[in-house]
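For reference, the structure discussed in these notes is given below.
When the chains are written out, they are named A, B, C and D in that same order, and each has its own residue count from 1.
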Amino acid sequence: MRQLCKGNVAVIKGAILAGCRAYYGYPITPASEVAEAAALYLPQVGGTFLQAESEVAAINMVYGAAAAGVRVMTASSGPGVSLMQEGMSYLAGAELPCVIVDVVRAGPGLGNIAPEQSDYFAMVKGGGHGNYRNIVLAPASVQEMADLSMLAFDLADKYRNPAVLLADGFIGQMMEPVDLEYRELSAPPKPWAVQGTAETRQNLITSIFLEPDQLEEHQRKMEAKYIRIQNQEIRHELYQADDADVLLVGYGIVSRVLRSTVEEARREGLRAGLFRPITVWPFPSKVLAEAAAHVQKVLVVELSNGQMIEDVRLALDGKVPVEFYGRVGGNVPSVEEVHSELVARTAELV
Amino acid sequence: MRQLCKGNVAVIKGAILAGCRAYYGYPITPASEVAEAAALYLPQVGGTFLQAESEVAAINMVYGAAAAGVRVMTASSGPGVSLMQEGMSYLAGAELPCVIVDVVRAGPGLGNIAPEQSDYFAMVKGGGHGNYRNIVLAPASVQEMADLSMLAFDLADKYRNPAVLLADGFIGQMMEPVDLEYRELSAPPKPWAVQGTAETRQNLITSIFLEPDQLEEHQRKMEAKYIRIQNQEIRHELYQADDADVLLVGYGIVSRVLRSTVEEARREGLRAGLFRPITVWPFPSKVLAEAAAHVQKVLVVELSNGQMIEDVRLALDGKVPVEFYGRVGGNVPSVEEVHSELVARTAELV
Amino acid sequence: MRQLCKGNVAVIKGAILAGCRAYYGYPITPASEVAEAAALYLPQVGGTFLQAESEVAAINMVYGAAAAGVRVMTASSGPGVSLMQEGMSYLAGAELPCVIVDVVRAGPGLGNIAPEQSDYFAMVKGGGHGNYRNIVLAPASVQEMADLSMLAFDLADKYRNPAVLLADGFIGQMMEPVDLEYRELSAPPKPWAVQGTAETRQNLITSIFLEPDQLEEHQRKMEAKYIRIQNQEIRHELYQADDADVLLVGYGIVSRVLRSTVEEARREGLRAGLFRPITVWPFPSKVLAEAAAHVQKVLVVELSNGQMIEDVRLALDGKVPVEFYGRVGGNVPSVEEVHSELVARTAELV
Amino acid sequence: MRQLCKGNVAVIKGAILAGCRAYYGYPITPASEVAEAAALYLPQVGGTFLQAESEVAAINMVYGAAAAGVRVMTASSGPGVSLMQEGMSYLAGAELPCVIVDVVRAGPGLGNIAPEQSDYFAMVKGGGHGNYRNIVLAPASVQEMADLSMLAFDLADKYRNPAVLLADGFIGQMMEPVDLEYRELSAPPKPWAVQGTAETRQNLITSIFLEPDQLEEHQRKMEAKYIRIQNQEIRHELYQADDADVLLVGYGIVSRVLRSTVEEARREGLRAGLFRPITVWPFPSKVLAEAAAHVQKVLVVELSNGQMIEDVRLALDGKVPVEFYGRVGGNVPSVEEVHSELVARTAELV
């Protein structure tokens, strides 16, 4: 079914198609329409929507519902997801599947309500009590808000791990046509969940392991899982990268600016290409290294002061020069702006 | 005055010598003695100790006191500092000086109360709403708990930025002799603070900048400050690194194991050296690159699943092979254990 | 359907038969089984159970669900209902129907978990921001836990006002046979509710009326409603009161002790009778005055330091001497104990 | 020292003169200037002011400071004191002295910010987990805001019990000349407090008494204390009551309207008198009964729907007819208005 839809609404429609039946959250611009759509649509499918007292309360309700085996989600923006860091660490530590949508606004602190990509570190490196990983997906269109929402639920369940949709104010607020198809609900059985039945009574969902050896064993098991995810779940997009001399790297809304920049650059004789990570954790390090093997230079563009660039540099490990161009505060660079940056930095390549 | 003292107590004694007069916190093992010492000593110097309702409340009280120009601190451990991430981002965004002590315990989630270094990402990369930096100091002794506590207050005020003491359960809990000297209180004047006076009435402490250009300008100013800090405030320690063939890198309690490992290795004919970052942000990238310029291999040891190693790899940029050895869950490797790891990985160097 | 059932479970079964479909609460002894039963049964009828972050959060969720037109309830005990006083005042002020179960424990403060009747003032006089009334029903058996639960929902909806079940640890914890009949769900239409539809979009649920005249008018309307309730909804029980020389007055578990005391007294030649208020607000003042018109003395027995006695004295207005016997701390007087009190105070009547 | 002062400021000046050195609160109209004055003046005498996260947090901080033996206070209005009911019950149960100022606004719920007397039940009957009493003082002038503030601290310490100043928006907001005298600080020694010293280490401040007999004994001790307070601490004011045929009864701001009404009535030939309770708990029942012994009628005037009238009726016990006139919503009756009510109800007396 094709429809015109806001990103913040598409993410809920995707979630419901994926079998999500519970939403706990607290509204914040520019994510508030996610809650609004959840409040509207979840009761229609017999699900629960609840506006919690705070983000701290919301994420702990997510923990509870996830522990009961329900597909559950929340959404917020920078200040709110900061408050959820404790809960996210608990969810990861207890190996509970859930989906968290971060419609990123400009930081730090309250910042403003315009789009940014400043939560990359907080979501990808993990800002809660450590030694865990979030699966992080970065949609670049309203269609992907729906599609990656569904994928996020599937990955979360498959690996029993929180999955984050790292969107931004642009992707959340803009409207585009979306194709939504009914799909067979296929959440896997969850024999580990606590479901109020006699059989599940002895199940224990916890992140406490008081004995160091026991906790180390738990973490080693989690690490093995993270390696499986890194091996199996990489998603990325390449555009005109085969013969590129310079590779632009960006995710989310930025990748759309970069795609046009690639076209503009090629019109002017510079063989530019685009690498877009769709999963930012696991970061597509190997495919990026391959894609960049023959280029002269990599230019990372972010709506931040330089965060993903660390993962790009770690992937390339000194083999290709990596440069950075960033805008912050809610400013998004235009194609012209990035193009002239690119021209200035690649005079020798043309 | 020389005295035998627990790390968690020394950090408060240092703070009081540095002029700290307010502490807001919520107890958590293994950081609880910090609160206990604050409750005991702060009132004796006319200061305020308050146990807040939660870590969320505590960090916002820190914000308030910092805004009033008072030298103020809090302390917690993994789950608690996770809850403080929103507040820490606000403090950084509003350019407020304060000191946050993280006596790291094993994660993720509740984990256990044994030592780990799992909060490196959360403190060094920043787990709150993004585009900010904490100054992060990593003490390796009880003496440094006191000394770096004082330094943290000075740096926080000098740069109007939160400073974190990234300790761990070992450093916090163990007792060692400490030299504490009375020092002239020298907090700088804070004309920007709101102090209930007519002159400071118009001062505005905020992290909100609604106009993108205004917020971008604010962030550019903050970035310039971060660059100054990176240029001026690097602290590190080298041990037998001059002629080393292999460089061990570790911070905090781990560095003390590595120092003994260096000695053990040299006794057995392997020229090992130690690089210990004292500031983990700013990370001593340049001095590490110089120290590692002539070595064959770098071995990073952490009580984590591999976090600081990213900064080591970014510093070395592919020029030297970097390997990792980590223990988690509260297990700390012995000298013998690290030494045999080292031997196994450097057979070709001897 | 006849079944053996705990009072704390019967109250939920009655609620569900009455169409209750949402429960928000936080567990506390001796009310915890109410939450447990709600968690078990509500999802089975498509309802929502949620354990909130705190009693403050729970009562505000009750406000939200009530505003949406859902039959909703919560339960707690003394410390918890104290925390709900703000919310209860808001519910009353916004004229929202809901049911609150107070399984009273011994006070003040934390007290202990044994039964008492110490919350009479807090529920009957109202401990929140004032000038409102709760409808308060006092069950004296497990059957009444179910029956008055249903009645409470009906009265709450009929008058758009919170209704309280004032039970106690005994009534909540004991098991008795209960008859439960399926009944036609008959919640009245709620055109005033906000239900996410176009027609209800303009509905405003609020307790704020900024203009004094407007608020006074609102309160006058509420007072008129309270008078209607006082005229129409009195419930009480009389036992051997017709020819009584002394009238025992007690509610809840105490009334069962008093009924046996009446029998014991009559065996020994003293014409005692029992008056049991079932509604404690509205208090059955007129019927009590009639029942006591011909007695020589009234003895009020409470598990408190004397609270309902004020309403008894107000009802009798000096026409009959009113005495008091109370036990507290979780102690419940035996029949022998009350009987010997009665004998000592009525020597002149035999 | 004579000065022009707002009631909300005078209450803090009185508190400081009484040795209050800690204030924890959360602002709410019309009590916010109490917090503002506390923030300004307490630090000047070495005291602590702290704006807590919520009223729940504030009252629990009051508990903590009171347990440490510090003279401590908070202030709020209807919605806020409702949230404090749990804490107030704990303070009473643990026999902790403190002062709580309630600058009453119109209710129920949010109501509005205009004056009312709707919190009478909540403060006088007690809206927390029950079987306890607050000492409640009702100031009728700015001078009394200061004087009764001092008295409240003295009574709280003398009886180890919370004391409430039940003011209203008028008394809080208006300015009048106040005489403030330095007075010798005379807080009694508190050997029961927990003060971080070796001697007080074994002191236990608690409201939990798990054994029913133990809790009953604790409550009996508290009841004995309440009887002492009722015998020793009654305060009231009589005005032209000696030869009165009709007695007006009112407290706080209302009493000032009634005093003028008495004068107006007497000018017109009706012998009216005024009875003003200054302590509303303990309520001056005996002196009121004496003062009303010879009158034909009592008229209670309140800014409520009729709350104190219950205590008046209980005091008079049917011996004199008691009538009621109330205004709510923030409306305060004028002298003319009360006078014409009085005339209409006393035609037979002139």
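Note that a residue touches a chain if its C-beta (ideal position, glycine included) is under 8 Å from a C-beta of that chain, and two chains touch if they have at least 3 such contacts.
Treat the numbers as computed from the prediction; the structure is a model and nothing was measured.
> Going by the stated contact rule, which chains contact chain B and chain D alike?
Both chain B and chain D are touched by no common chain, going by the contact rule given at the top.
> Determine, using the mean of C-alpha atoms as each chain's centre, which chain is farthest from chain B.
Using the mean of the C-alpha atoms as each chain's centre, the farthest one from chain B is C.
> Just the number, please: Cα centre separation of chain A and chain B in whole Å.
28
> Whole-Å distance, chain A centre to chain D centre, using C-alpha means?
Centre-to-centre distance between chain A and chain D: 56 Å.
> Compute the distance, rounded to whole Å, between the mean C-alpha positions of chain A and chain C.
50
> For chain D, what residues touch not just one other chain but two or more?
56
> Should the pattern of chain-chain touching be classed as line, ring, star, complete or other?
Basically the chains close up into a ring.
> Under the stated contact criterion, what part of chain B meets chain D in this complex?
39-40, 43, 46, 48, 50-54, 56-57, 60-61, 64, 196
> Taking the touch rule as given, give the residues of chain B at its contact with chain A in the complex, in rising order.
The contact residues of chain B facing chain A are 56, 77-83, 85-86, 89-94, 105-114, 116, 118-122, 125-132, 206-220, 222-223, 304-305, 307, 310, 313-314, 316-319, 327-331.
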